[in-house]
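Before anything else, here is the set of structures, which you'll find just below.
The two complexes that follow have chain A in common; it is paired with chain B in the first and with chain C in the second.
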Partner chain A sequence: MAHQTAQRSLAGDVPGGGDRRQGLAFVVPALLLVTVFLILPALWTLYLGLTDYRLTGVQAAHPKVVGTANYTHALGDKDFRDALGRTLLFVLGSAIIGQNVLGFLLAWTLRSARRWARALVETLVLLAWILPGVVVAWLWIAFLKDQGGTLNAILHTPGRDWWFDHPMGSLIVFNVWRGTAFSMMLFTAALSSVPPSQLESARLAGASGWQQLRDVVLPGIRGHILTNTLLISLWTFNDFTPYLITKGEPHGASAVLPVYIYLTALPGERLGFASAISLIMLVINLLLALAYIRILRRRA
Partner chain B sequence: MSPVQVVRRIGFYVFVALVTAFFALPMLWLVTAPFTRNPTLSVSWPDFTLGNFKHLTDDPNALPSLYNSAVLSLWTMLITVAAAALAAYALSRVRVPGRDGILYLLLLLSSVITGTSAMVPIFQLMFKLHLLDKDIGVILVMTGGLLPAAIFILKDFMDTMPKSYEESARVFGANSFQVLGHVVLPNVRPGLATIAVWAMVNVWGNFLMPFLLYRTPEKQPAAVTLNNFYTEGGQPNLALISTFSLLYSIPVVIMFLFVSRRYGFRFHGGIKA
Partner chain C sequence: MKVSLEEVTKVFDGGVTALDALSLEIQDGEFFALLGPSGCGKTTLLRTIAGLETASSGSLRIGDRDVTRVPPGARDVAMVFQDYALFPHMTVADNIAYPLRIKKVGRAERRAKAAATGEGLSLGGLMERRPAQLSGGQQQRVALARAMAAQPTVFLLDEPLSNLDARLRLEARTFLKKLQHDLGVTTVFVTHDQAEALALADRIAVMESGRIRQLGTPREVFQRPANVFVAGFIGSTPMNLLAGECVPGDGETATSWGHQIDVAGVRLPVPEDIVTELTPGDKVIVGIRPEYLTESEDGIKGTVEIVENLGTTSLVTLTTTGPSVQLTVPEGREPEPGATLHVTPAPGRLLVYRADDGELIDAP
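Here is the complex of A and B:
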């Protein structure tokens, strides 16, 4: 019924099949933009990854199809595997563990906090999330650098360059700072959906705070935890901000995959090889996104 | 209060203090350095000088790059909102076979094909289309990436709107464009504002696309220019970097406050808004 009225309403004074044609016309601009500037590049990655395309030289003018050579090369390449390993460490440490746990702790403790404490913490956490990436990159360079870095002033460890000594550890701490806001907000919304009556009956049955959390709250928001984990993993996996802070230094020790792709493709001029790596990245993205959609479907 | 409660209270305040310190300390530099004469990377009590802002106005690329960012953000926002509104309306009101499937597929693609994973072919594509170093190139690429989520959010808003509104407009002989412009869009204003601000904040903060696609320093937006301030000795010019960072961050904070004040926070399938 609803659909019939809907069809009629857009059909207007054109009786019969005019609605669908007009509907199509409305969709065309968006579809065209998405196809050319989003889908086409992804398909192009597929093709480029099969060639020996380079930015300059003979291969720039006449790229040769080299088949799956780039892929086998990439999978056997130590630099690539190291970058992939670092990226997994980055995602695991900063998103799956860091943002998830801190975000939940914040949502859980601030629930019953005084208004001013809640407003103060939430504002700061959100601010870290909304500031532009280039700006937070400079803030964290200033925070952890050797010459006058704020952390050294606090810890009385002058001259210590955290970005040089512990590039991945620093990146993980940085990304927890940067992205926790999303987890905090999602878990705050999730916690408000747990019925207070369930918590109340658990309390009356003598459950401690920890038991309430484990037996009532966590099972109740399992779907949210999964959703959150997948989304923040996807975003962290694709984050380019590490480039803005370290440029992959020292000697590639902080080159996560996005940085590695950039360094290979443009300064390194090996576009074909970089495309092969991009495609591997696209596939991982796809798997994460498909898992996310599965969860959404099941919940709906 | 029982001892347990006292310990809990103390634990709570320690946690709040630690979290506050963790999140606030890295931001201190952004509020002290711009007002300090010859700032270093360290946080110190500022001299409350406005000299750095004066230097910034003397730099040939600084203020123009903020203007470039505004142009990019506005155009991307306008095209995104217009194309998304048309598409969302049609998808919300006309039964296209497999409509929801298409919508989910687009959303899937837009979260899978990220700037980082597609930077090589995007660079290639813009090179072939002769759109490198042109505003329109960056605008179109950004629009393509933002559209699926924008359509998704807007369709959500349109689905909740009663169809009787449009039908009464039809009775008075309005055509589809008039219905859209005079009835539908005014009713989904919060949705339009959400995606407008979301698109602008996204473009304003995006570094990778302009970094890849522009060659001429004069055309670059603020996100790229911020990393191009050097002293004569070749060191990063921290006075300009910190001051410019502050100026560049203010619009984002204002837009954010505007949305959260006016419309509150809403979750749209995990889209950063």
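Here is the complex of A and C:
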């Protein structure tokens, strides 16, 4: 009896009486896919970042390993630091503040709205979220165009070039418009998890709308706010749609990091340098995620 | 403070009439129960008094002030919700002090008051805990303490005992009654448990479909249910409600007017005080509590079907030629199933209802 048990546990817990090897066979294809499509490119990027690889010329045929030169160069490079600064502004303005706050306000006000009004707003907001990037980009180019743009027609300011005059401001407004749906939906779900009786207890104590928000709602959905902030920050940080609208113009004034990397790598042909920046970006993403996980742990 | 409702109607958006032209006066300092089956509008009535629902029509006064349109925070009432609604991220002390914080009472005074209130409810050692670290009974006391802290003029309790287990419920019941007695604050509580209402309340309003079917002290409601609905609802063992008919007396047992009530072939005397109210041919429903049926030589004859042990008594179900009849027998006197029994109402305990509208026939 005991002998049998030992044998069974050696054979592993694979249902149907299979053994370890059989179990491994099921996992191998997935592992291969992950290796080919995720790990190899990452390693390749890591390698490229250590070279002076270019798209054409001598370095294209015989790239030299330059060690950490690309990284030290990037960290000291003004263009890179400007792009990073713009990205942080983009994330802060459009995601952490814009989408978060607007998404919450929409969810909060729609709670008590009539059903048809809620359905209408939700549909419109969702539409902005599900439309393909190319379509959205074109819509916003047309909306803010200097000649014949919709906004100029509304404001009676013909010839005003919004994309040229306020590239980052326009991008932030654009991204708030585009991405608020997610925050709105997440907060709608979050708000429905706050027990109405807690809000009513506060109301009976005489709490104003703001006090109810501060004392009951926000503490009740802290975890949701954190999750939402992390997700939309990461998405915005990595968002490439700005390229479809401004291509980083004018003179790189709207080049957020992904756009800057692209411009460096393809038109700029400096693949090694671009790879190094990509890796830095990856590290920033990882740090964001780690910080988030730490905060969540501390809560629990 | 006194709470008076006048013709209060509440129709919800979906078209449900939860309160139907309901009028009610609750006296200052009274411990008042709203009792009724689920969905009869008890919670809605309580929430209307709190201001969490606005009456569709009618008016509501607390003391001398018309508060029909006054927002909840300005009514000076406190409510304990069925789920207690404690703030999970605040400590017990902060929960209790919350109404004071909203009223801009200073921090030191707030803490002192919370501590004193908590102490009074035996929460002394728990002030720095979070609600999740408390038992159900402790959570309930925190909710009570939070309601008391701001010294409101009216207390509203929605099913205050329903989330406690059976033993704790009895303890909490006694505790609640003592607390209300000590505070002397007008208290309205909702319950679907008739025993709870009978045990706690000074007066009970028994509700059905948004209306009050009877208003009275626990004794009145228990001894003389005003209609068959209340009769069927009150009492831990349901009252026997037997269809019958008023018939001319057969001479021998006839009282002055000579009528009797025929129930499943058995003649019962009409209670003295209502003989003038009945004429032969009237259809009636006879109500008699199982506790007030006793064994006798004649009377309603039945066969013992089931015997249920209730502790100090047993509930016996008899099958008769008509509907089945239940009676309680004292400990040690339980009949065997299958035995034949004659039962008759204890003198003065027979209630007679009109068959058409189910209302109690009262002395003129």
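Basically, the second predicted complex is superposed on the first by the 271 of 300 C-alpha atoms of A that agree within 3 Å, B and C clash if a C-alpha of one lies under 4 Å from a C-alpha of the other, contacts with A are read in each partner's own complex, and residues count from 1 in each chain.
Keep this in mind: contacts are C-beta pairs under 8 Å (C-beta built on N, C-alpha and C of every residue); 3 or more make two chains touch, one makes a residue touch a chain.
For clarity, every value in this text was computed on a predicted model and none was experimentally measured.
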When chain B and chain C are modelled together on chain A, clash or fit: fit
Which of chain B and chain C A:Phe182 touches, first, second, both or neither: first
Apex chain A: angle to the C-alpha centres of chain B and chain C, given in degrees as a multiple of 10: 90
Chain C versus chain B, contacts on chain A by residue: B
Partner chain(s) touched by A:Leu139 [first = chain B, second = chain C, both, neither]: first
Touching partner for A:Glu200 - first (chain B), second (chain C), both, neither: second
Contacts of A:Ala61 with chain B and chain C, given as first, second, both or neither: neither
Three-chain overlay, closest Cα atoms of chain B and chain C, distance in Å: 8
Set of chain A residues, in rising order, touched by both chain B and chain C: none
Contacting residues of chain A [partner chain B, same complex]: 2-3, 5-7, 9-10, 12-13, 19-20, 22-24, 26-27, 29-31, 33-34, 36-42, 44-45, 48, 102, 105-106, 109, 113, 117, 120-121, 124-128, 130-136, 138-143, 145, 147-151, 153-154, 177, 182, 185-186, 189, 227, 231, 234, 238-240, 244, 257-258, 261-262, 265-266, 271, 274-275, 278, 281-282, 285-286, 289-290, 292-293, 296
In the complex with chain C, residue positions of chain A that touch it: 195, 197-198, 200-207, 211, 215-216, 219-220
Touching residues (chain side chain C, partner chain A) in the complex: 50-52, 71-74, 77-79, 81-83, 85-89, 98-99, 102-103, 146, 150
For the chain B and chain A complex, residues of the former touching the latter: 12, 15-16, 19-20, 22-30, 33, 40-43, 79, 82-84, 86-87, 89-91, 93-96, 104, 106, 108-125, 140-141, 143-145, 147-148, 151, 163, 166-167, 170, 173-176, 179, 201, 204-205, 207-208, 212, 223, 226-227, 241-242, 245, 248-249, 252-253, 256, 265, 267, 269-270, 272
